[in-house]
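Common to both upcoming complexes is chain A, partnered first by chain B, then by chain C.
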Partner chain A sequence: MTYRWSLGWILLFACSGMAAELEVEVKAPDSRPLAHAVVYLLSDAPLPPVKPGTVAEMDQIKKQFKPHILVVQKDTQIVFPNSDSIKHHVYSFSPAKTFELQLYKEKQPALPFDTPGQVELGCNVHDWMLGYIYVVDTPYFAQTDASGVARIEAPAGNYRLYLRHPRIQDAPEALETPLQLGEKTRHRFVLQQPLLPSLQSFEEDTDEFSGYE
Partner chain B sequence: MLLVFLLMLALIMVATLVTVQTATYGHSTGQVRSHALTSARVVQDKIQNRATQLSTALSTFSQDFSTKGLIRTGKDDPASLRSALGNHQKRMEADLSWVLDQDGRLLSSTAETEAKHLEVSAERYLTGGIHWLKLDNHYYLVQAAPVKFVESSPRANAWLFGAIDAAKLIEQQLVELTDMQVSLMADGAVVVGSTLPMVQAETLLSQVNQVLHSPGSLKLDDMELLFFTFPIGQADALSLQLVLVTPADKAYLSYNSLLGQLALILALAAALALIAAIVVSNGITRPLTSLVSVTNKISKGQYIDEVPQSSTAEIASLSGAISEMQQGIRQRELEIQQLAYFDALTGLPNRNQFNEQLRELIAAQKAVTLLVMDLDRFKDINDTLGHGIGDQLLKLVANRLATLAVPNLFMARLGGDEFGLLCFDDKQVDADTFAKKVRAIFEQPFAINKIVLELDASIGLAVCPEHSSDPDNLVQLADIAMYSCKGHHHSYAIYAPALNKYSVQRLSLMTELKSALASDQLQLYYQPKLDLKKSKVVGVECLVRWIHPVHGFIAPDQFIPLAEQTGAIRHLTNWALRKALQQQQAWRNLGFELQVAVNISALDLVDMKLPEHLAALLDEYQANPSSLILEVTESALMMDAEAAMRALQRIHDMGLVLSIDDFGTGYSSMGQLKQMPVHELKIDKAFVLDLANNKDDQVMVKTLVSLAQHLELSTVAEGVEDEQALSMLREVGCDKAQGFYLSKPLPAAQFESWLRSYQPPLATELNA
Partner chain C sequence: MKPLFTAALLICLPVQAAQLSGVVQTALVSADDSHSWQNDGTGLLRHDDNGIALEQSLIRLEQTLNTDFSLDIVANYHADGEQHLGLTQALLQYKPLSAGTVKFKARAGFFYPQMSLENLDTGWLSPYHYTQSAINSWLGEELRIAGLEMSLYSPGRQRRSPWSWELYVGAFRGNDPLGTLISWRGLALHDRQSLHNDRVEFAPYPSVVDPSRINHPDWVEPFHEIDGKTGGYAGLHLSYFQRFELRYYFYDNRANPLAVNAQRLYAWHTRFHSLATSYQLTAETKFIAQWMQGDTEMGPRGVEADFDAWYLLLTHHIAQHRLSLRLDRFMVREDDIWPWDYNDSDGRALTLSWRYDLSSQWQLGLEQHFNQSTVVNRATVGENMDTEQNQTLAIVQFRW
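Showing the complex of A and B:
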């Protein structure tokens, strides 16, 4: 809830300036849309920092991370509530955030994510559990929907547009592009390299591992 | 024989041995190869198991949370990571282990090896197969596992490697498992590991390298070894050679013992076969050999009393057959001898024995009187009464000869109706006496089946040494004497040089007759026939006369039988017919109408061309058929009555006159006579010559004429020598007369002058 609220706040903020909208479409080499991809804009100009006390949530439901991919602005606090009745051991060895929440069930304090980058989440007792947190140093970010389209509202101006997704194998250079954001700007990423194996089980709401309960 | 048998046996044995050897060798080799292949699989399985084990252990290790943590901090704290690797390496029973980071850089290692040798692409070592890696001149079995900080992550965060020293994989236990010595070889020469002591293994494998082909054989410490090589390891990577070695002795153990047994069995079989062959040889070959020698002796004319016996049934029966054959030969030899030296009909010795006897007697310088004898008119008897009667007659003659009271006599039948007698070394019986004694046996008639036959014989004699001392010559001389006797109606003749001409003539006449016909040496003489009723000469009998340029006059009864024997009689008859008809034509032209009578032989009658020839001649000389009379002797008619009858019938149908000559001397039946298509009977001169004085002849002539009249035949009387006979003949009703009283046979010219001057007696005169 907090997250949605903050997004609303950003949108409000953006509208108050010279609001512009960016529509980004992401297509896999097979022309299928890529959902849940993370897009964000960076600028040389200082961008508004996250509102202090902003907390995002990475839940564990039915022995899956929920959501599978989470995007937060730098310095956002993230809580890892455990909605399951069993213990989890959530950890990350990613350089952006190395942490470990050893075998817990009760509510854990929120952790600060202050380094931009990809944080790969795992659970030491459930090998199949996989989750990603993208920490971005910008308030202008979004995730593609099922049709591979994401929309970002930001003040018009010069930006760099970035694309991130755990399955993408394309070189980093291909995943960023300078962008002049006008009133209605569109950009399409067409990936050249085949995607890594599907992470569909994490991306869908269905839980194929429920049988293990 | 035995040798061939043995040779065959040996060949069969060798063939069996070779076949069995090849087959078993092939089988044994196949066994060894199969054993080696299985062993290789066992070894490979062991190694594969080790690889799988290592892979599993690495995987477990990589998933360990603390490992991940240590790897995460590996760059900062490599000592901790190395220590953890060392710990896990022990657990995995590996010899080396190391970690590469996400980018393939070495993070940590338990080995002292340079990093660059360890920084290999992990991909190749992930598959769980057998992978080799060469590090510091050592060969290792290597496995790798990805390290993912989050297990489900699509990306590996590091690579964990484990390696086992290849030499350790070749354990002594493999020898027990495979029953072979196992070695691992790299680069074709380097011994990586072996169940053998290293020195031996190196010696061995250097040889393997030379042999090239697997399987092959090699030697180690004077021991014959077989080896097999198999590549081991993934094909795309470094590949090692697995070398399996087994002693050749062991491989071919069963094969060698089998061959030994087989050789023993074959040798035993050969010995048994040899014994059997010797037994068979004794039972068959030896008796056969002795039988062969027996038959050889028999073929040489020796007779064997004891034909070898045998226990073998076949040989025994062969032996029996040879014995029987010998008896048969002996029997037939006797029969042949009998046939060769005895006459089957009379039981008398034959000409062969006669000649032999004569030769022996002359050789012994004995005085021999040789007598040959042939029966007169025997041919007629055979022809008219049949050969059965003829044969019986010969037997009777032989019987009578046997009763001859002449000592030192040898007699034989020389053939046909000819007999030969030898009287030797007896001065008391001279040739004349001997001849007379033989002659005497013909004084009594012979009776056969109630037929009484008067029989006469011609007898010729020759005496050794007076006439000749050569056996053949002596027989010839006696023959000459006998023929002279025939010609002169003497009862016997003793050889005299003067008689030689008969023999010479006999031999030459046969060849000369034909040329004589052509060169007019033969002439026809004509004897008139007087018709008693008309008292007129109505015809002539044409008689052949041969005036030989050397021998002079030759009587017909000398050359006509010869001509009949040689077949020249046909030419003679044809010649006579032509001459007669020619002469008749000549006379006709002179105004004399005369019937001509020509004598026809029995042989002419069966010559089917005669009627044709007669027709041609009659036509040629424009003669009336009824003016030609053919005279046939009674015996000729009887010889082949049916054929003669057909011929006579044809001649009769042509209108010729047929006359039976010498009637009354033969044995023709009235029944046959009645059927004969003849016109005339000529009464034999035997009944006419003495007609005037002999009452019997008068009765006979009267009867014959009467008979002829009843059969409606005309009659001609031959041998009329005086007027009285002529009158008598006219009285009894005889139609014609012929004889010296009228004229002897004359040549044509003289006959003409006789005819011109002849005054036939008037019928009244005769009657008076």
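Showing the complex of A and C:
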């Protein structure tokens, strides 16, 4: 079965062209690069599903979600380890995944994330904790680095390119664009609306005793 | 009351998860000569014997009952004092998951209002010093909420704001003798939290114990309800990221100062404001301060005293080391109609400690404490009103 699927995908890629690279740059209105932004490609043609058994990790370290933003392909399993010695109580009310998990030292089973969209995470013990999971229905995704650049490798062809980040306020239609992916393609998003405040300072190193728990 | 009733039912249900933790501290003490208030003396420190002492031993059980409810119980064993084994906190917490930016939570049971920014470690211990500030030594020995606390709170990050706030209101009973110790003995400096059933001794001041005067025992059991009236408090927490925090509380036990029980313990009408702040100067260095001002009244203005105390604390944490320095100032001033009962006292203290984490479980510590105090009541038991005290503690701590 797996071989038959693989053969099918190989044939599909052969039809749509050789592997190509897309470089996406994301700039805020003040021309500063936006790091950790999620970019991904969707296509009218069927795209390869996630490899069965794919597991991603959203850790809790020093009373923060690590990473702050995680992007996974639809149907990925996500495990929530607890690297702290105290309890966490992770929850989400987002339509893409509504759940809660009480996290102790013992490892919890992974949860499936099977609906595309943004999942906002909180902790009911540590109210300042905030994290995001973007579930995308494509294997062609990446996150921008500190210079605001992300690279996606995908077969050449016609796609729509999407951009997501929790601080972006631009209208959704400004965050997607049709894209013909050639051997070396570049795209730049320049945001028009100011970004929401970073609030990165909630993750500053503080004294380990920072409040009643 | 419905959540409380639900909670009571839930306690009977199978439990999901429990966390058991504990702290034991053993001290090598170089004590001051002055006798401790615990041994009928007028000294302001817990120890008055050189040698090995049990500084702390406590077990904490945190039990998750379901998504919304959890139990938090702290039991302590003290080798010193009148009672040795008991609870210092036992509470049921209700904190439902909520998608809103303004949320609700509540606590019921026997607990501390969260006034202090000093007592942040397990079991309300201070991670900074062993000998706690005068303010929180007093809260630890005489104040506890046996009641219900409700809170509205708004975590800033969920509103995309650096500012978070929390509002608290509480109602309680069983804290009527609050004020006894500071009016006669004065404020002290220690880490012995009273147990739920505890009795705290002090020197037999003649004006207090004389049957022809106040005729009060030379001890107090702080957690009694004497007049049947409910007390209350309100608090506001404000924080900017996790860098700066401000906590203001107003407490009033609304006691009837004329009420007295069969043990001759009075209800003391005690009110105070508490303002605490902490500021993270760098990732390693934090500044903490607290100021408290209030008054207490017993009898027909037989004792009426104003109290005022503050401390400044600087703590620096680098690698496995923590150095903390605290300066305390505290005073009680009387304004009452019994000239033969003395309540004036004032003092200052300096406490320097070094704590070193050998591992996540073992910690070594050294503390040097110095205080200087004037307590007018000392003269009535034939002691000098002015005293200076020195204490050195070397501590081994184990936690799990």
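Here, the second predicted complex is superposed on the first by the 180 of 213 C-alpha atoms of A that agree within 3 Å, B and C clash if a C-alpha of one lies under 4 Å from a C-alpha of the other, contacts with A are read in each partner's own complex, and residues count from 1 in each chain.
Rule of thumb we're sticking to: a residue touches a chain if its C-beta (ideal position, glycine included) is under 8 Å from a C-beta of that chain, and two chains touch if they have at least 3 such contacts.
Being a predicted model, the structure only gives us computed values, none of them experimental.
In the superposition on chain A, A:F93 contacts both chain B and chain C. Judged by the touch definition given at the top, the superposed model places A:L196 against both chain B and chain C.
When both complexes are overlaid on chain A, the residue A:Y104 reaches chain C alone and has no touch with chain B. In the superposed three-chain model, the partner touching more residues of chain A is C, compared with the other of chain B and chain C.
Shared-chain residue A:L121: touches chain B; no touch with chain C. Contact with both chain B and chain C is seen for A:L130 once the two complexes are overlaid on the shared chain. Shared-chain residue A:S85: touches chain C; no touch with chain B.
Residues 91, 93, 122, 124, 127-130, 196-197, 199 of chain A lie at the contact with chain B in one complex and at the contact with chain C in the other. Contact residues on chain B toward chain A in their complex (touch as defined above): 63, 65, 68-69, 72, 149-155, 157.
Touching chain A in their complex are the following residues of chain C: 16-17, 19, 62, 64, 67, 95, 97, 99, 114, 120-121, 127, 153, 155-158, 160-162, 164, 241-243, 245, 280, 283, 286, 315, 317, 360.
Within the complex formed with chain B, the chain A residues making contact are 91-94, 98, 120-122, 124, 127-130, 166-167, 196-197, 199. Contact residues of chain A toward chain C in the complex are 85, 87, 89, 91, 93, 100, 102, 104, 122, 124, 127-130, 196-197, 199, 201-202, 204-212.
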